[in-house]
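First chain written, first letter: the chains are A, B, C, D and E, and each begins at residue 1.
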Amino acid sequence: MTADAAALDILLAVLLVFLVWRLLTLSDLFKATILFIVFGLLLSLAWVRLRAPDVALAEAAIGSGVTGALVLDALRRLGAHGAVDEARPLRLNLARLSGGLLVACLGAILLWSVLSLPAGWRGLSAEAMAAMPHSGVTNPVTASLLNFRSHDTLLEIAVLMLAVLGVWTLDAEPKPSAEPAGPILDLLVRILLPLMVVVAGYLLWAGGHAPGGAFQGAAVLAAGGILLHLARPFYLGNHVIIRLVIGFGFAVFLAIGVMLVVGGGRFLEFPSRHAGTLILVVEAAATISIALILLALFVGNVREGAGRDAP
Amino acid sequence: MAVLDWLSMALVGAGTLFFIAGSIGLLRLPDVMTRLHALTKADNVGLGLIVLGLSLQTSGPMEVVRLLLVWALALLTSSCACYLVAHATLQARRETGHDS
Amino acid sequence: MTTAAWMEALLAAPLAGAVIALISGRRAAALVGVVTAFATAAASIALAFAVSRSGVLRYAVGGWGRPLGIDLYVDGLAAVMVAITGVVGACISVCAAGYFAPKPTHADLPSDKHDRAWLYWPLWLMLWGGMNALYLSADLFNIYVTQELIGLSGIGLIALAGGSAISAALRYLLLALAGSLLYIVGVELLYAGYATLDLQQLRDRIDANPSTFAAAALMTAGLLAKSALFPLHFWLPPAHGHAPVPVSAALSALVIKTGFYLVVRLWLHVLPGLAWAHLATLLGVLGAAAVFWGGVQALMQERLKMMVAYSTVAQVGYLFMLFPVASVPEALPGALLLAASHAAAKAALFMCAGSVLAVYGHDRIRSINGIGTRMPLTAVAFALSGISLIGLPPSGGFAGKWLLISAAFAAGAWWWAAIIVLGGLLSAVYLLRALAFAFLEPPIAGFGRAPWGMEATSLVLAFIAVGLNFAARPLSELLNAGAG
Amino acid sequence: MTTPIVYASAGVAMLCIALFGFLTARHVLRRILALNIVGSGVFMMLVALAARPDPPDPIPHALVMTGIVVGVCVTALALALLRRMFADEGSARLPEDREFG
Amino acid sequence: MTGAWIPLAAVGTPLLTGIVIFLLADWRVALRTALNLSGAFVKLVLVAVMLRGVANGYDYSVRVAIVPGLDIVLITDALALLFLTLSAGLWALTTIYAVGYLENAPHRSRFFGFFSLCIVATTGIALAGNLFTLFVFYEILTLVTYPLVIHRGTREALAAGRVYLRYTLAGGAVLLFAVAWSHALAGPHDFVAGGYLRELGTDQRLSLTLLFGALIAGFGVKAALFPLHGWLPAAMVAPAPVSALLHAVAVVKAGAFAIIRVVYDVFGVEFAEALGVLGPLAVLSAFTILYGSLRALAQDELKKRLAYSTVSQVSYIVLGVAVLGPLSTIGALVHLVNQGLMKITLFLSAGNLAETLGVHHVHEMNGVGRRMPLTMAAFTIGALGMIGVPPTAGFVTKIYLGTGAAEAGQWWVIVILAASSLLNACYFLPILYSAWFQPQTAPWPHEHGTGFDAKATLLVPVLFSAAFALGVGLFADTPVSPLEWAKLISQREFGYAR
């Protein structure tokens, strides 16, 4: 641990904690959102320092990128009045005091458990490395995501689909009266969009042996879609094509799992010979679906002339 | 310390200098337009110098291409962003009629 | 068909049905939904029989085995919960088929919601799939993901009703999210301590140190928020009260039980080693408080659905009174029997409230005079499920309460028995108060007509709730067979 | 003070501040941001834990990835509900937190 | 145990008729009456078969397992059959009466459905083989009688229903607690002739006494013991057949019967005496007797007066149980039947008066004897029986209770009996006097039909029950009378010499 690296870590850690405190006490929620996005980017920097590149990519693309865009979009809908939370100075009444006390002792216990952890803590890295040869991929994170703990990922894609369904159950919002943002953004979109599609494809392909994978690729693709939506607003209904693509990733994953059972193995048990190809198929299907899901979440439930009230 | 190392050290130092100038500009200058001016100009040049400095340290030509690609992308997006922010503020001024 | 085959079918069927329903959209979503519902119900009952025949099943998903991969563990407890979810879920699906029928027959779901009514089916099947996955899973983090699956689909279902259900859904979301995060902190502590996420491996490696205690306490707190035990119950009445009828039936009867099941699994199967007597008493006290608080609130309600929602808060209290007497062997079958008959009876009560709402356009308790003559099926269903909730003799609720009371005596703690008995009395007051209005003359003429499925299903569920009286013996055999 | 311990304690600090923020905040958007940060805090503790062994343990990484994606879904739904509630009831707070006048 | 199906059939027949009647539409009078009567007839045949079987020492019992280690048990011992015969017989009578009484009234299918379910519960209580079964059917009785109490659907009926529920459900809760406690103390035991709590000995004196108190409180609600009797007068708002059958025969007798089971078959009367709980029970029942009679004096409404007299009469049974000795036991058992017969006669005739002349209050009864001689004759037989005038059934009870108390050396009981007989006379004789010897002073409130007396379907059951009440008294010594059966019970059940 060279001295300056330690200094960087400590600086980053302190900066993160300061950002969190500042974020939660600002009265203007627009500034809070900007700080939240900065917090997300610095957090992905922290994941890089903790030797977790896959997580860093996911955090940057999804954690701060997509979430940041969603929050900003929500903020726009809340309008000037809704965006300000006249945070009265936190006077200490009993409830806040007891809450604070509770959280403090929780923090103490967590800190104690972090510090008292034996230095030689191995976790499951030995078992994971031992199982890597017949997991079909060389990137351990993709292996554990799509092979060791594939059940989790299957349900996770289901959760993504549920988010879209949840948004669709709400009343349609009126179309915001945004006039096109001008030629410069069109230029940017024309240049960036193809680049983003290529990068997404690369991330998907690289997932097998290097940091990357379905979620990161999908997030980049979704970012491209959001950019296009900003330049030239388009709206996704819920007619059959959209539903098909949204359900496609989960259906493929589930179908493969069930076929493996029919073929004599256990649910989601990839035979080590062609686990690699199966994982790639699943990841490809998942990328497309997740990209459209994230885009649908951003575009939200808007329909021409629908909705009873303008914000 | 080979000549290359000294050269890249100098280039990266100059780059950071530009960044610092940009940041000071951001803090000191009065309104949005001038701040935009400071930010985009200083940071782009700073980034260029750092990229040049780093490219001397890289192991092979592919690294250099990748660095230049990063620089090009940064140039493109920051200029567009600067235009959009300026456009938005002008619009806001036209609607509210007072300096924001 | 071996146990494993039934379990795979049970896991895959609702999820597959949900995706097909999503893709098929408005036209065939209801048909797909009902077909999947009956398939899943059949699979869950077959699984229960398979477990009682061939004992416990450990199933490694993906073939990797315990610490690395995710294991599913089907013992008696899981089989019982899956069977309850199966049977009550099938009835709820039939009721929903009638409720969300194309032509609007009820004031409960505003007419402009009708083009989105088909969304009920993918959400409901996902909820059901999530519950099955939760009961079968033996991996701490996998249970977290299934909880999120259940939470999210539940919120989507509540939001279907629109209007005041939106803020209720938002409050439920925030609380469920906070609960899950507390749960995850607990999981992180356990993983740091014992480097495994599997429940059974944890049980062998647990030793009593502060971080394990903290982890268990945090996870329990998270789960209590999900199962709406007394201090954390405030989200339940508005959420269950304003949701559409089949949704509030599903939430009150089934989703609440997942939190309770997990606390039972945590404290009775994974951490019996820890000295948790004080926590058990705390849970019992909270349960008692829930029983009386829920009962008093239910008594003061003007609307039928809100009263039934508050009675859920009370009935959850009964379930948590299992813990102080958990050392006695017959306490668990009693609590499970209580959970089963509460599930059936509560779903039936919500459907009755739905029928009343459909016929009279409102469900104010004071003005449903003479529904005995106007809607005989609903009146009988309301009476029978009321009897089961109160715990009067010929009902499943009574058998469950009887086991809990005799367990309390066997554990030498007679005061728990007294609380259960008094709680039953309190629930008798508010349930029979509402029932009495059914006999009042002259009957008020209702103008609408209840959806065809709702009255019949509520009667079937009411008979199940009463019929469970004879289920005590097979249930305890299933639990012992699954003890494994 | 090795890197994992620095970041783990930062994670704990973030978690506590954000949890307190969630409990005391009344504006729902702020509570959503706070819950996101609580999630990030837990994930930081997990990844810091994973960074201890030499080839970093991939399981917590997979857990955190899943957690981030689930976090996005829940946040997206929460924001949609918030927008609908604000449009219907005119306030960005839950009914019990609204003080009138 | 070849005959094991008979007890099940006894419980099943009314259950079946009840369910079928529920499904019938209101206007199908003929079918419903046919069902009712055939159900009653089949029941009587079954009871006769069981009576003959039990008389010569045969025993049918059925066991259904509900929970591991806990079963519903139906047994046919002599005590069970005493109560069963009473309820089966009077059920048949009252069904006929109810058919006539409720002609073209609303909700008749619902009424007769619950009516049969009520008999299911009473049969279950009679044949219960252990405390758990007794408790289960006891609670079912509460459930099925509630809709009958509030059958009219008026606001007062609902208010009376609330009072009824408040008492009976509270009693039920105490009972649930007590039965579970008894299971904890002595494990799931069936009824044993000398009582199964005896082996516990008197070392757990406190908990056993508390258990006894809880059981008596639980059952005492339905037996209308003093502090718990409030629901009985309030429930008089129910139609006449309901108040006749339920509050004179089924509900009130179920409470008394259960107390007999507790004292004799759970604790055993010697063990109860050793615990010293019989004394307070005797005092309580004696006080209830006097209290009931005093309140009856002050009632102007006829049915309320009869209700309070029921409160006091039932406590005779509890008093007989509480006094140690064979004679008082026989007195208590035989009063179970006598009081049922006499009280049903009184209630049915009161129903006739209300139905035919609209007479509800005592002050309206001047000269009613001339207008409705047969009904008033039956009423007189019942009233004299209540007072204990020699040839009637009431006299038999009081003789045995008196001699039993004297034999046990409890002289104050005899004083109580004498005083209560006097009080009975005070509140019954004025009615008889004003009915027979006063000329009609005011027009009948609202008279239906100008016929000779009440309608046939109302009159015949009243005359039958009056005949029974008189016959039981007159032919007390014949082998077929309830007195003989009571002696058989005390000799077989409680080991007293003849």
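We take it that a residue touches a chain if its C-beta (ideal position, glycine included) is under 8 Å from a C-beta of that chain, and two chains touch if they have at least 3 such contacts.
All values derive from a computational prediction rather than experimental measurement.
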Steps needed, at minimum, to go from chain B to chain D via contacts: 2
Least hop count linking chain B to chain E through chains in contact: 3
Identity of the most central chain, Cα criterion: C
By count of C-beta pairs in contact, the leading pair of chains: A-D
Label of the chain whose CA centroid is most distant from the centroid of chain C: B
Reference chain D; chain at largest CA-centroid distance: E
Whole-Å gap separating chain A and chain C, where each centre is the average of the chain's CA atoms: 31
Chain centre separation (chain A, chain D; CA means) in Å: 12
Chain B-chain C separation of Cα centroids, rounded to whole Å: 58
Whole-Å gap separating chain A and chain E, where each centre is the average of the chain's CA atoms: 74
Touching two or more other chains - residues of chain E: none
Shared-contact residues (touching 2 or more other chains) in chain A: 106, 110, 114, 117, 121-124, 128, 144, 148-149, 152, 156, 159, 162-163, 166, 170-171
Junction residues of chain D, two or more chains touched: 15, 32, 45, 49, 59-60, 63, 66, 70, 73-74, 77, 81-82, 84
In contact (per the touch rule at the top): chain pairs: A-B, A-C, A-D, C-D, C-E
For the chain A and chain B complex, residues of the former touching the latter: 181-182, 184-185, 187-188, 191-192, 195
Touching residues on chain C, where the partner in the complex is chain A: 4, 8, 11-12, 15-16, 18-19, 22-23, 25, 59-64, 67-70, 112, 116, 119, 122-123, 126, 129-130, 133, 137, 139, 141-142, 145-146, 148-149, 152-153, 155-157, 159-160, 162, 166, 185, 189, 191-193, 195-196, 210-211, 214, 218
Chain A partner contacts - residues on chain B that touch it in the complex: 73, 76-77, 80, 83-84, 87
Contact set on chain C toward chain D in their complex: 68, 141, 145, 148, 151-152, 155-156, 159, 163, 166-167, 169-171, 173-174, 177-178, 181, 184-185, 188, 191-192, 197, 234
Complex contacts: residues of chain C adjacent to chain E: 330, 370, 372-373, 387, 392-394, 399, 401-403, 405-406, 408-410, 414, 417-418, 421-422, 424-425, 428, 432-433, 436, 439-441, 469-470, 472-473, 476
